[in-house]
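Structure first, then comments.
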């Protein structure tokens, strides 16, 4: 099975030195041993927030902040690569073409961000489409897609499944409202909708969740492609 | 004045061989002679549509379609560069860093697209922020921002001015509704909102409009930054 | 069998959207399925002519015209790659080293031009030599090599076979005479002569001709290496 | 005056978010305003140590650790660039040629490391030689070169001045003794000796020290070139 | 005056360590001091012949031989750059775009070859066209263009002047005849003819000849553009 | 067995055209046939010395001299690649990441130098660590490590075996003493010590020595890792 996984930075490593990185490496190696073809995209997490905060205080503009964040995502990618013991392409691909080439030659590409304005969820979605993935997994800090912010609203209900266009409705409501965090960002969702890919949003705090998601036996939210007629 | 201009592909050249390209080159040269520092981003237009249509029929995925489109935008950039007679950087920069470098060394960067999933309007917005532009001009196929689709609704009214967050409200209504064309796409608008840049949406069918936009004497729509308190 | 194919731009796609591209993709896939190792170089065709004509009107110099042409050849290469469904290297190699690497790792390299002053026939000839090809196929708009221009002279006779140095004599007579089109250009012929490769010139309007050429059962012209003593 | 400055990572930012970065940016801008031509190389500091420690626990080899460290030095370079407000080349040069090019076109190159096995002190020394610098400043965590480790030996005496070959004697004694920190590492010292450059080792905790070093009015250690006869 | 100079490898350095390189550097510096804008392309000479001969004995193909030759031309370019004391771009540009960029930013580009199958004379001709040169100088091992091979035929007569198309007639006679050396190779001549540039062929053994050629006071052969009507 | 070999330039080719290159190619092919995975790094030798001498006379600085030397090492790498008949990656990798990628995809990477200040022995040591080699072979111009310079002291005794830290003691004594040649340079030795790799120093004048070294049946000096406790 061809699977692309987007792992949020805080999910991969709540702090530098977390044992989570090693656990993710183990989970990825097991899936690779089981014959799955994998590609990974990781986020920035706490180190990104530190550097971006410092740069903002120094007067950096938003593009420079994004570029700092991208540099940290690639640093995190290198950390995961170091843990993956010769399964991964040795350097984080910086564009989709290079990642695709690694994927086709049986190396696991481990990417960070690519360009300012693009989230790592969007990078993962593009990669999934590019390799024609069977499944795209968003391993996030929330356990799925809810009809309201579960941190704010105790009655928020998790969707078991929704279509990409329904996700887009949910996300665009949240994303345009400053201060809220969508489970998947708007650009990624738009790319997902047009791609017709199958995806799942899961709680990334347990790396074992990857295997469950691939087995279709997870407690997150399935995102099913809209009927393809209108494409 | 530092000015970044996003010129839609159909605006730059309604068909290959159009005299519009030469007229844009003349307009850009005049502004450069007048001491303005310029950066240009051009779109794909009819050639992009032809190649994308052909590739879609051949079974290409959305990433491949985007990459074909990007290749055409760079082809259009080369065409405009050829017309600009040694004012422009000789090759279209393929990322913002290279464009910034050209800009700082008094060459006019003429870019096309950068990565799949990113429109040329978004590229231009990022470049404007990166060079700390005084003005960002979207030269589009509509004469400004309207409260409804002017092609559909005869009562649609053009805004003389609106804030970036108001534009975001207008665009997100349109953009998520398949089949409609927003004057500026959603990603570009989001980048614009966070940047705090001054921008203007003008009818791109007359290259002379660039000078008018810079003089503040245009008939399009001004996009004014939101108050900066909340940034 | 290692086979490099040079497909003229007008041969690949008489116009954008032609079904010929898909037919070529099918022919290439069949040959790949049959165990042949393939490399493809495509030309610019009508889109190249349109852009070059437009740029010439805008005052571009010959180097800029060549570079526009090269950009279109790569666009055509992307179109054919999109049709080839994961057999081809995902991006058109821009130099021989990258193409060779793809070839060695079982991806089909699909190139366009490389540098100004070099035709795609010359690129294909260099690639054929670099991969030590068993056969180089020039799929052109004429059905072989003639002793005169078949469009002008009704008595022009097609050669069934001639040596590389004989081809060089034929081509240098034609190529230096402005307005005429040689079946293979002079630089490519010179590279072919020094390489000692076996080649064939066939009518490219029927993609099935590739298989016939490989089987040695074609109606074009065989180019046989000169005896290798003098090399 | 052409001046290259090597700023240790812990010196530049004892922790992420330190005000030291802004103070260094101010000092560099003042020197630039005063007409000095500058190039900067920064180290990795605490973030590098965190990532390297985490990777070591995950089983990374020394090359991977070096590469992580280099990635952090470039992150730090981006942070300083963001603070330098359009004086610096927009991205950290990753090799000396690119840095030299920025230097010659009046941008301040701000580099991190280049390749595994090479310290940022060595990078700075190479850059100083490449741009033919008048002065090379090592801004370190010790206030100069001592005849013993000042942290261990209260009677350690600081040299006011010593030749490059004398520095080499001092450093090679320390550097080969695991666990000790030389004020300048062995490779950098060897490059310095062969270069014949004038250098100074100063306490980097006060960014104002750069101006003092350039004025020749510092309290660190001058490294004077050996007589040039033997070169 | 914008001047591109093609210096044959044996002309630049009859052997490694020749004083000729320093003399050429002096000549180029004088012309630069006099306000001329210069670009240089150098050939391979004896070191290229040695390596190519060795590789041929080891079974290399023609592409590999060309690539070895190109590597030596770039080595020679580095040698001349080292002698040019900060006038030249620090590394030899490997394509025309990079060379043009250096040229426009007041660095002297010193190139070697670019791709297999392309001579350094052809590279120089392309560069001349790209920078819109006022003069292209071929500094060769023969003192001009003759109506026969001056080494073979004592009655060979030097042309004072001939048109580019006349040169093409002369060269195509010689170039296709194995074993002979044309003063300018066929590809370069074809590029020259289409470019409409003014050129001169001079004896390269005296670097002072560059100044004479620029002054129009040389004893070589002027190549004058064909009338431009037919272009 | 994974084996990285560092071949000194004078060892590979005492002069250009030496039969030694072909003999090394044969030895490498035999080892590859026997199932060993190989990576090769070659030095500069006599051509490097000629160019460096010429450049020094022309006033080049040490960085430029190093860069010339690196260019020659890559030229030598191309020569060996040409002899290796499609076993080697077609172009010499210029950094460790590219070399590792070739190594993992069953091409033999043949590298020269990477950056100024880094010897080819150091490059080989880094590559050995990067690919996690079982053995690193230094094929040098001396038959092993001695307790004194064998050319000077007739009583110099060769070590059969010594630890990496003992080698470091030997080398640092020699290397800092101008005019002497260490069997392995100081930077390479330091990288070797930290890597914990097994290595051997052999007389490179007989290419058959590679097989003997791999068999553990050589007459050179074994370098054994220090006990790994202190790492």
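Read from first to last, the chains carry the letters A, B, C, D, E and F; within each, the first residue is number 1.
Definition applied: contacts are C-beta pairs under 8 Å (C-beta built on N, C-alpha and C of every residue); 3 or more make two chains touch, one makes a residue touch a chain.
Keep in mind it's a predicted model, so treat the numbers as computed, not measured.
The interface at D-F recurs elsewhere; of E-F, A-C or A-B, the pair that shares more than half of its residue-numbered contact pairs is A-B. For this pair, subunit C with subunit D, the centres built from the Cα atoms lie 54 Å apart.
The geometric centre of subunit A is 54 Å away from that of subunit E, both derived from CA atoms. Centre-to-centre spacing of subunit A and subunit D amounts to 37 Å, using the average Cα coordinate of each chain. Counting only residues that touch two or more partner chains, subunit C has 105, 130, 132. Of all possible chain pairings, those that touch are A-B, A-C, A-D, A-F, B-C, B-D, B-E, C-E, C-F, D-E, D-F, E-F.
Listed in rising order, the residues of subunit C touching subunit B in the complex are 13, 16-18, 21-22, 25, 47, 50-51, 53-55, 57-60, 64-65, 67-68, 71-72, 74-75, 78-79, 81-83, 85. Subunit A meets subunit B in the complex at residues 61-63, 95-96, 114-118, 122, 126, 129-130, 132, 168-169, 172, 176, 178, 186-187, 190-191, 194-195, 230. Residue ranges of subunit E in contact with subunit B, taken from their complex: 97, 100-101, 104-105, 130, 132. Across the interface of their complex, subunit C is touched by residues 86, 89-91, 105, 107 of subunit F.
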